[in-house]
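Sharing a structure below in structure tokens format, with a few things to ask.
Per-chain numbering from 1; labels A, B, C and D assigned in written order.
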Amino acid sequence: MTVTVDQILFLLSALVTLGAAIIVVTARNLVHAALALIATFFGVAILFVLLQAGFLATVQVVLYIGAIAILIIFAIMLTRRVMQDSGPQTNQQWWLAALLSLALFAALWAVFQQVPGLQNVTGTQVIPNDSLQRLGFGFVDPNQYMLPFELASVLLLIALVGSIVIAGEKQ
Amino acid sequence: MVPLSWYLVLAAALFCVGLYGVLARKNAVAILMGIELMLNAVNINLVSFWHYLNPQVMAGQMFTIIVLTVAASEAAVGLALIISIYRRRNSVIAEDMDLMKW
Amino acid sequence: MDIGQLIKDPLGTLGGLLTSLLASIGLAPGAIGVIEKIIGVVIIASFALVLPLFLIWFERRVVARMQDRMGPNRVGPQGLLQTIADALKLMTKEDITPTGADKLVYNIAPILSVVAIISMWAVVPFASNILGTPLNVGALYIVGVGSLGTLAIMMGGWASNNKYALLGAFRTVAQLVSYEAPMILSLLVPVLLARTMDLNGIVQAQPVAFIVAAPIAALIFFVTSVAEVGRTPFDLLEAESEIVAGFHIEYSGMKFGMFFVAEFLHAFTVGALTAVLFLGGWRGWGTDQVPLLGVVYFMLKAFVGYFIVVLMRTALPRIRIDHMLDLNWKFLVPTSLSVIVVTIVVDKLIQQAGITNDWARSGLLFLANVVLALAIFGILRRSARQLRAFEEAEGSGHAAEHEPEPHGQPAEAGAHAAPAH
Amino acid sequence: MFLTPLVAQQLTWLIPLPPLLSFALIVLFTNRSKLLSHTLAIGLMAVSWVISWVVFFNTLTITNFGGLAAVIQNAVPWLPFGSAAVGTQPLSMGVLVDPLTGLMLFFVPLACLLIFIYSVGYSNFGLPREAHDVPGTPPHGVEPLYSRFFAYLSLFAFGMLLLVVADNLLLLFVGWEIMGLCSYLLIGFWYARNYADPKQITPRQAAVKAFMTTRVGDMFMMLGIVYLYSQAGTLSFRDILYNRDVLAHLASAPSIIVGLTVSHVVGLLLFAGTVGKSAQFPLHVWLPDAMEGPTPVSAMIHAATMVSAGVYAMIRMFPLLSAGWVPGGALTPPMLAMAIIGSFTALFAATIAMTQSDIKKVLAYSTISQLGFMIASLGIGAYVAAAFHLVTHAFFKALLFLGSGSVIHGVEHGHHETEHSAAPAAEHGAEHAAAPFDPQNMFNMGGLAKRMPLTYWTFVIGGFALAGFPLVTAGFWSKDEILAESFAHAPAVFIVLGLAALMTAFYTMRQISLTFLGQPRSPAVEHATEHEPIFRPMLLALVVLSFFAVAAGWVGIPEHFPVIGGLVPNWIESYSVGGLLERPEALAFSYWPLLTSLVVALGGLLLGWWVYRGYQLGQADPLEAPLGPLYTLLRNKYYFDELYDFLFVRPVYWIAETFVSVWIDKGVIDGTLHLIGRAALRLGDIFRNDFDLPVVNGFGDLVGKSVNRFGRTFRVIQTGKVQQYLLVLMAIIVVLGAVLLLPGLR
């Protein structure tokens, strides 16, 4: 079988993503975990690029790396006493959790096997080059996803106010 | 060409890893990270389905963006909660927050 | 291939040439694309890395002039090679890694800071057909990779295992994350006016530079970008007098050099982005016939921006941190929001009115901006008066610091009460 | 103002209500404020007085008033029992105004109103409250229980007015009983009063006595009402008294008692009730003792309302009592009983009255005898005369009582003065205990005419009216009519009543001369006065009443009377007979009864004055010598109280205390109850120890304990660690998802 460049790129980015993800959940140092998380985000962004969703890739970078990751690291630094603790970072039920995760993966794998013809679903459809416009119109079109969009904005506002109220110093 | 199943398997793996993180990590921040991983896995699924099944309809990407919004809110509020708990109890170990136990 | 073609579209011509060459060797088209992209990356990166050599000399000279000094003028003509000498010195310096430092992060940080800046240049259009990659979300991309710089600084500051470094990192996060908000908002104004996020498209969309149509947005973008860079007056993350050198206190040798380069390059990038977004980028006379001229125009405009940055550095004192935050959240963010709203409304009205003349449109938007500015100044004056009256009434004017009450108590009590049998 | 009958009906409904309202208001709200209380009582009483007179004067203009068709009658269903099967109608509550009611409406509210006004002064309103006044004793300062007094009076007036406007026997009986209660409350108003002499009856004993005695009569009356309802099927006056068929049926139908028809039995029973209420011969004993109450109460009870109620009931039921009687024919048994008892009571009470020394007791016995007059006249069928005398007597007897009250008050006032002047520092209660001074004893009085002139003159007017002073006074005309009727129909009754009239005149003059004429016989009387501000309302009432005591007679002058006959039409005749089916023909005029009444009145008065003109202090009663042992007998009221005490009271007490209480109650009933109680206790014990504890409680505890153990066992999974919960959750999801999505696992 011939390995195409796309597949190489995919495998590389998938490798980065998964490896970083595993580091995230296993690293003892939380900061390393956070950095690995950023790496994971990057991998996902690359996957988006491979899926020809450039906008999403950029948003992924802006939002996850520029906002969430930095938030997380900031939180780690604020709770810095926990930062350089070198005890086991997992609780007693970690092996149960591992078993469960593996079982879930196995189950999903089996489910994929169930689906007929999943193997030969390859991206043959032509991606519309005005997909970004479609996206935008879909969000402002009352017949499509205007309401979820507005709700999302409201949700963001609520989250903003809520986090300020929660984390703010109580007078 | 890369078949859809690869993306699905990757997403599943990522999801399981994130789940392990959520279930096994002590630190509340780490748990949040696990949640982010799971959300990313979901995003991958959404986008790949969009790309492979019907690129004309942008529903997949739209849902991804909604998920991103939720993730952002969740991170903000969750971290705020963690910080305020840290202020009160000087700990971010999830197991220490068991006021609800018998 | 004739010379005219080369002048008209150098990149396209050379790219075609290279493609045919590789194809003759017998490579898969995908592989060829990858190779060409890598070559493009190398070209742009090397350009971006060579540029600072000149920038540093330029800045030192300008600062010297401002301070009535000569500045470097020994090494080479007008001291042009001074920076190369410095670079050599830095490379030959011993590379120290402090004990207790997080080696991985400590080493990644400077690289990442440079990478972040360089990757910005991937979408900057030097000319109508000379640019790294036509990304249809270029503006967003700029923001995204810009935030990587923040990450790099924070990593460096934390990994150094140094109190001052960490303080610098904290300040960095506080400053950069908060100044991203108004920067993105003001960035949205040209996007709105150009109806596209593609930087090249934005440039093409301004026969009249957007600085006419959106002066306030331009100002805000420029200021916030400077803050993003961390240059004076926003250089709190490396304030020598407060935290010795901030996040890069522990760095030496070329690692420090990387941070240094990154900063200068970023400063120039600010000028470049301002030029692209508000000054009409590569537009100028004769660019239609000879696109290469665009590069000249673009560089001139970028240097104008950079020059202003340098002047600011030499002219302004450092801003206090609470003032810095207040300025951001209480002034810049609301202002940029109002600018966006006004721009949207007025532009839509203009569209409805059927005005297609670019100058008329720009003029109307300019008027709208002026009115908005007047309104903002009125509000500012009133609030300032109230504040002054309040402070006079309060005497010292500063409310007493109050202790945060111990939150632990009720939680502890609950924890003890809960397991009662 | 002339009203349509409809409006008159609605107004009639309103007549009894204002006093009830004032009672409620005073009891509930205003009992703290004396002024407010008596303002309320008097004001609302005046309202119902005005309404009554409006209704009354409208009746004058209605032609054929009181005919077969009731002009002013209105009824609403009340107690909806009774069935057509046994021929009984449901009981209704309604109002009826016919000539008799009209007469009552003419004098009852007026008398009540005047008595209210009088009470304001009598209760020393305006004086400060004296420190040593204990509630429930005759006060020297303002009455401590002032508001309560007016509340009782209002309730009393309500009862009377209800009885007056009632259109059926049951409603009438209700008012009757309300008055019984109020008489109990008011006679015992000074419940805390005690006397040094244990034989002297105290207000509470008097109250109980009055209540009990009237109960006896009321018992019979109730029997009569029930029997009448069972026989006639209705209690409405119109349905019975104005219905010839019903009357004939009742008069002819044989009753439970052999030889008597239903109407006889009912009449006798109702009359028994009247005997109790109007204090006729066997049950008269309560009334003199009822004088223990405050004087306005005495006036209320013995003049305006209660005793009149008895007579009113008799007059009201006259058509039934006289059912089957034709004028000139043989009297029916009820009429016979009334004639005998009435005439006897008249004579018998008059004899007692001659020897009494207490000013109020004399009046009390005179009341009894006057009521006897009415009953007797009714017994001989003199319907009009009885009604006429009821009205006039109400006025002059109220006048006399109030006058006597004024006298007593004045004397007490003087007594007060003398004590203060004699021993200013002396403590009051102590002096009372030491030297009991009876302000009601006529033998201590005398010469009050100069000190209390207005009281004197009004009292004289009242007294002459009572004695039947010719021509001017009201009493003359009514009594003369009674005598004339009795002369015409029953000579025996005529003789008895003549004697009684003579004695009446005699003791009246005796009272007047002992009280007002001659010289003061005690220091207190010397200081007596009526010029205090508190006397003003009392004197006002006296003056108004004295006017009516004179004028009320002129409406009943017979046409055939010589000289002045016919000057004034005999209105009372023409008006009141409207209430009858068969109108009695006007009496042929004869000189004998006229002469008799003239002689007895003037002679009695002269005799009384002549005997008592020169009475001195300490001297024995001039009657004592001529009468001898009879005097003692009379003085002790024929020993009736002692007799009743021996006959009824002691046996009843013995039965109550020894037989019922000790043997029946304690022995039998309590024994059985205790037996049952112990048995139940033992049973409960068995249940508790052998069933409840082991079985029921055991089961309950088992459930509770098991739940508790369950919880304690399973709460360990409730760790509060969110990750564990999530783990379990995810595990379940994975398993379920696998089972659902993987056919291989199914």
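By our rule, a residue touches a chain if its C-beta (ideal position, glycine included) is under 8 Å from a C-beta of that chain, and two chains touch if they have at least 3 such contacts.
Given the structure is predicted, the values throughout are model-derived calculations rather than measurements.
Central chain by Cα centroid: B, whose mean Cα position is closest to the mean of all protein Cα atoms. Should one ask which of A-B and B-D has more C-beta pairs in contact, the pair is A-B. Inter-chain spacing, taken between the CA centroids of chain B and chain C, is 31 Å. Between the Cα centres of chain A and chain B there is a gap of 6 Å.
With each centre defined as the average position of its C-alpha atoms, the distance from chain B to chain D rounds to 96 Å. Annotation: 102 Å between the Cα-based centres of chain A and chain D. Contacts with at least two other chains are made by residues 404, 407 of chain C.
Those residues of chain B in touch with two or more other chains are numbered 19, 23-24, 84, 90, 94-95, 99-102.
Annotation for chain A: residues 4, 6, 55, 59, 67, 74, 91, 93, 96-97, 100, 104 touch two or more other chains. For chain A in complex with chain B, the residues that touch the partner chain are 4, 6-7, 10, 14, 17-18, 21-22, 24-25, 30, 33-34, 37, 40-41, 44, 47-48, 50-53, 55-56, 59-60, 63-64, 67-68, 71-72, 74-76, 78-79, 81-82, 88-91, 93-94, 96-98, 100-102, 104-105, 108-109, 112, 118-123, 125-128, 131, 134-135, 138-139, 144-145, 148-149, 152-153, 155-156, 158-160, 162-164, 166-167.
Here chain D touches chain A in the complex through residues 723-724, 727, 730-731, 734, 737-738, 741-744, going by the rule given at the top. Of all residues in chain C, those touching chain A in their complex are 28, 30-31, 33-34, 102, 104-105, 108, 135-137, 140-141, 143-148, 150-151, 154-155, 158-159, 166, 169-170, 173, 177, 180, 402, 404-405, 407.
Per the touch definition, chain A reaches chain D in the complex via residues 91, 93, 96-97, 100, 103-104, 107, 110-111, 114. Of all the residues in chain D, the ones that touch chain B in their complex are 715-716, 718-723, 726-727, 730.
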